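Handing you a structure now.
Chain IDs A, B and C follow the sequence of writing; residue 1 opens each chain.
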Amino acid sequence: MDYFIELLFSGLSRGAIYALIALGYTMVYGIIGLINFAHGEIYMIGAFTSFIIATILTILGFPGLAIILLAGLAAVIWSASYGYTIEKVAYKPLRHAPRLSALISAIGMSMFLQNYVLLAQTSDFLPFPQLIPDFDFMEPIAHIVGSSDMVILVTTTVVMICLTILIKYTKIGKAMRATSQDRTMAMLVGINVNRIISITFIIGSSLAAIGGMLVASHIGQINFYIGFIAGIKAFTAAVLGGIGSIPGAVLGSVVLGLTESFATGYVSSDYEDVFAFSLLVLILIFKPSGLLGKADTQKV
Amino acid sequence: MFTFEELKRSFLVSIWFVFLTFPIMVIRVDSIEKTVQWRWMNMVYVAIGSFILSFVFRYMMQRKEMKSEDNGDGDKKDKTGRSFIHRWLADPKYRNAILGSLLAAAIIFPHVFSTYQTSIMTTALMYVVLGLGLNIVVGLAGLLDLGYVAFYAVGAYTYALLYHFFGVGFWVALPIGGLLAALFGILLGIPVLRLRGDYLAIVTLGFGEIIRLVMENWGAFSQGPSGVSNIPRPSFFGIDMSLDTALVYTYYLMILLVIFTIFFVNRLQDSRLGRAWIALREDEIACQAMGIDKMKTKLVAFSLGAFWAGIVGVIFAAKTTFISPRSFTFIESAIILSIVVLGGMGSIIGVIFGALILILLPEYLRALSEYRMLAFGAILVCMMVFRPQGIIGSIRRTYTYQNRKKADGEVS
Amino acid sequence: MLVIFLVWKKLIKLITEEFMKLNLSKKLIAAAAGLMLVAAAPVAGFAQDTIKLGVVGPHSGDLASYGLPSVNAAKILAEQINAAGGINGKKIELLVEDTVCDAKTATDVATKLISDGAQIVLGGICSGSTKAALPIYKDSGILVMSPSATNPALTQSGDYDNFFRTIAPDDAQAQLDVDFALDKLGYTKIAVVHDKGDYGKGFAEFAKKFLEESGKAEVVLFEGVTPGAVDYSAIVQKIKKSGAEAVMFGGYHPEASKIVTMMKKKRLKADFISDDGVKDNTFIKVAGKFAESAYASGPTDTSSNPLNKAAVAAHKAEYNADPGAFYENAYSAVLAMANAVKVAGSTDLDALKKALQSEKVDTPVGTISFDERGDAIGVGFSVYQVQDGVFVELK
C-alpha cells in the first residue's frame, strides 16, 4: 500500500508539472485553434531565465526567499514577452491561412528557439540550484512527498483556481470565452480580439515559466532540450483531456502522470513513453475530442 | 528615404528585442565558479539586427498584403498563370535540353567529384525521394503526417533484421521493405480515418514515436539501442565491390529510383486517384459529397507514401551499414516536412529543390553547421508567413477557354 | 560496359543536337551551367608528404566534454613531434572532424576522412558511433585507435581487426564494479539501471551477467530510464521497493546526476555505483552535494607517472586549464601510433599491427603494448568515490 501511495504522489507531481505547461497549450488552442509547438521552448526559456537571475542573485548574496520570488518573476516576465513576440511574428500573420501553415510555422519556431538558446548559452547540462529548501515539517513523509513536490502541487492547484476564477468571473475571462467561441462575433461586439489573443499567450507563457522554474529546481539541472520532451508530454496531456478545455488539461495531465508513474512502478520503466503515447492514440481513436472535450461538429 | 514614423517604429522594435533577448544573449553565468559573463557586443548585434530586420519584415508584409489583393501568388505569370519554371518545362525544346544536361551531369558526377561528395549527393537524393513520398500524403492528399519517419524506420529495420536473422540480401529485402512499410501505412491509416487536421497530426506523431520506442526497447528483436550493424551494401550480381565502387553504385541506384519516383508521382497526380486526393485536400466534405470513397483514398495515400519511405529505408540501411533507433526521431520527420513545405506542397519540382537545398547546403557550409537547425526553423517560419506555396508552387490543372468566334460572329 | 558506352554516345549525340537547336542565349546558359559543374570539381590533391592523422569524436553538443580533450592531446603531440622532425622525416597533419557521437554522422565523417587521405585515425569516443564507422575504415585498411570506446565487441568479436584502444573494455569495468559491490561492500541485493543507450545498456547487461554468475547477489531490478524525462521519482520508488542495497547505473553523467539527486531527495539509502561515463567532474558539478559518496569506475589513476605529469603540464601550458576526460588515453594512443609508424616505416595496416603488438611504448597511462585483438596490455580500471566533492581513487 505504501508503494502505491508513493507512486501515486510521484504521478501527481509529474501530472502537476505537465499541467502547468498543458494549460498554456490548451488556452492557445481554444482561442486560435493552433497547437503552439513552441510552447515547450517557452517553458525551457523560463527555466533558463530563472537560472540566470537566481545565480546572479546568489552571487550578490540575496536571501533564499527573495531569490525564488525574483527569479520566478523574471522567468514570468521574460517568458511572457517571448510568448507575446512569437505570436506577433509567427502566428498573427497566419491567422487567416490554413491550419497546416500555422502548425508548420509553430514547428519551425520551436526548432528556432531551441537552437537559439543552444547557441546563445551552451549545450551543457547546467546545474540548477535547489531554490526550495527542505522544510523540516515535511521530513517524516519526505520519502513520499518531498518539499519541492509539495510546492509544485500547491502551486498548480492555486494556479488552476486563479485561472478558473479569471475565466469565469472576470471581464477579460468573458472576452476570452467569447473569442474562442466565435472570433468574428467577438469582434463585432467590440472585443479587441488581438489584445485578447496576446493576453492568452501571455498567461499561458507565464504558467509555463513558473513550471520551468519549479521543475528545474526539483530535478536540479537544465538543458536546452528539456522543452522538447516536456512539451510533447504536456501536449499529449492536453489533447488527452480535451484540447481547448482548461479542466481537461489538468485532468489529462494528472491521468498521464499517473499512467506513467504506475506503468513504471508496476510494469517496466522501459516502456514508459510507449504507454503514454499509446494512451494518447487510443483515446483519440475512440474519443477524438479527448476526455472532457466537446465533440466538434463540422458544419458543411 | 524612410519616414520618421517607420524609423521610430523600428527603433522601438529594436529596443524591445534587446530587452527580450537580454538574459539569454547577454548574460552567461557559471553557478559553480560563481561568475557572470556580460556579453555586451551581443546586445549591439541584436539591436542593429532587429532594427534592420524590422524594416525587411514590414516591407515583406506590405508586399504580401498587396499581392493578396490581386492574385495571391508571387510569381511572374504569363497569361495562363504559370510561373516561368513551369513554362520552361512545358515547352519540349527547353525541357529536353534541361533534362538532358541534368541527366548527363548526374551520370558523370561521381567520376568528377570525390566519393565523399557522391555520398552526400546520394543522401540528398534519398531525401528527395522521401520528400516526394511525404508529398503524396501531405501535399496531394492534405493529411498532415508527423510520424512519417516511422515508415522509414520500418523499411530500414526490415532489411537489417532480415539480414541479421535470415541472411536475406539487399534485392530481396527491397520490395519486402517497401511492402511492409505500406502495410504499416494502412495500419496507421485505419484508426485515423475519422480524424481531421490537428488530431491527425498528433496521432501520427504519437505513432512515429511509438515505433521508435519499441525498436529501442525490444532488444531481443531489434537489438535495441546498439542498433544493427554490418548490413551489406547493395550487390551487383554478387560481385564483391570495394567501398568506393559500392558507394558509386548506390548513387546510380538512387538516380534510377529518383527518376522512377518522379515519373510515378507525376502520372499519379494526373490520374483519378491524384485528383481525388486534391479534392480531399481542398474540402473533405465536398469530396465525400461528390462520391469519392474517402476511406479508400486516405488509405491509399498513407500506404503509397509509406511504400516510398520503406524503399528509401532499405537503401539507407544498406548505405550506412548501421542503423539504430536514434536515426529515426521526430526531428527527421520535421526535416522531411520542411523539405515538402519549403519546396511547395504538391509540387514535384519544388520538393526536389527543397530537398537539394536543405540537405546539400548545410554540407557545403560546414563552417556554419552550428546554425543549421536554427536556419531550418527560421526558414520554416518565414516560408509559411511570406510564401506559403513554397519556392515553386504546384500548378493547378486548369482549362482555359480559347476565345473563338462562332460562325455567326458570337464569341463563346 | 559496352552497353553503357553506347548509351553514353547516344546521349551525347542527343544533347548536342538539342544544344544546336537552341538559340544563342540558351546555349550560353546551358554552357555556363555545364562549366560551373566542371569548375566546381575540387582540385585534385597532390601527393602530400605528411602523415595524416584523423581525429574524430564529439566536438560539439552535450558530449563535447568527452571528445575535445582528445583533440587537444593530438594537437599538443603533433606539435611536439613535428618540432622534433616528424616521424621518419614526415610531419603529422591533423584532420579533425566532429561526429557528435551520432552513428550516421560518424559514417559520413569516415567517408570524408578517407577521401581526404587519412592514414591513421584517433577516435571515436563513443562506442556506438565508433562501431558504425569501423567497417568503412576497415575496408580502406586504416588503423583506428580509440582512447575511450569501451564496448567489448569492438575487439572481442574479431570483426574489426583494424581497431585498437588504450582503455580497458566495458566488461572489465563491469566486472570490477560487480566485484567491488559484492566483496568490498558486501551487498546481496543490487538494482541495475541503464539509460537505454548503447553504452549504458551494454555496461548494465554485463553487470547483470556477472552478478548472476557470481551467485552472491540477486539482481532485484533491471530497467532503463528515458533520458530527458521530466521526473525520475517513479523509478526511484521502484528501486526502493525492490529493497536494493546498491544501484548500479550504466550511462552518462546527465542521467546519473538526476538519479542520484532524486535518490537522495526520496531518502533512498542505497549506494550508487556507475561507469566511466559518470567518472567526470561534470557529474560532481551538476549533482553538487548529492553526488557525495557515489562510486564510479574509471581508468586507473596514473597521475604519478612522470610522463603523465609532463602531458598534463603541456596541456596547462597550452590551454591554461586542466585536461578533461580521456586526455591521457588519447595522448598515449597518439604516442603508440606514432611509435608504430616509426618502427613500421609506413602506415600500412599489417605493418602497424605488428609493430603495435610487439613494441612496448612508454605513455602517460603506463608502459603498454597491445594484444592480438587490439586491447591494450597494461591499462586497467579502478573504482573511485566522490569524497568532499572530488573523485578519490580507492585502492
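Note that a residue touches a chain if its C-beta (ideal position, glycine included) is under 8 Å from a C-beta of that chain, and two chains touch if they have at least 3 such contacts.
Note that the coordinates shown come from a computational prediction; the quantities given were computed from them, not determined experimentally.
Taking the mean of each chain's C-alpha atoms, the chain whose centre lies closest to the overall C-alpha mean is B.
Chain centres here are means of the Cα atoms, and by that rule the chain farthest away from subunit A is C. Averaged C-alpha coordinates put the centre of subunit B at 33 Å from the centre of subunit C.
Taking each chain's centre as the average of its CA atoms, subunit A and subunit B sit 30 Å apart. Subunit C has its Cα centroid 38 Å from the Cα centroid of subunit A.
Residues of subunit B in contact with at least two other chains: 32, 217, 370. The residues of subunit A that reach two or more other chains are 126-127, 270, 273, listed in rising order. Chain contacts: subunit C has residues 60, 196, 224, 285 touching two or more partner chains.
Here subunit C touches subunit B in the complex through residues 8, 11-12, 14-15, 18-19, 21-22, 26, 30, 33-34, 37-38, 41-42, 60, 102-104, 107-108, 111-112, 114-116, 128, 131-132, 135-136, 139-140, 159, 196-198, 201-202, 224, 285, going by the rule given at the top. Residues 16-17, 19-21, 23-25, 27-32, 34, 36, 42, 57, 61, 64, 138, 142, 144, 191-192, 194-199, 201-203, 205-207, 209-210, 213-214, 217, 285, 330, 334, 337-338, 341, 370-371, 373-374, 376-381, 383-385, 388 of subunit B are the ones touching subunit A in the complex. Within the complex formed with subunit C, the subunit B residues making contact are 32, 93-94, 96-97, 100-101, 103-105, 107, 112-117, 119-120, 123, 216-217, 219, 224-227, 229-230, 242-243, 247, 320-324, 326-327, 370.
Residue ranges of subunit C in contact with subunit A, taken from their complex: 60-62, 64-65, 196, 223-226, 228-235, 237-238, 240-241, 253-254, 257-258, 261-262, 265-268, 282, 285-288, 290.
Looking at the complex, you find that subunit A touches subunit C at residues 3, 6-7, 10-11, 13-14, 17-18, 123-127, 142-143, 146, 148-149, 215, 218-221, 223, 225-226, 228-230, 233, 260-261, 264-265, 268-270, 272-273.
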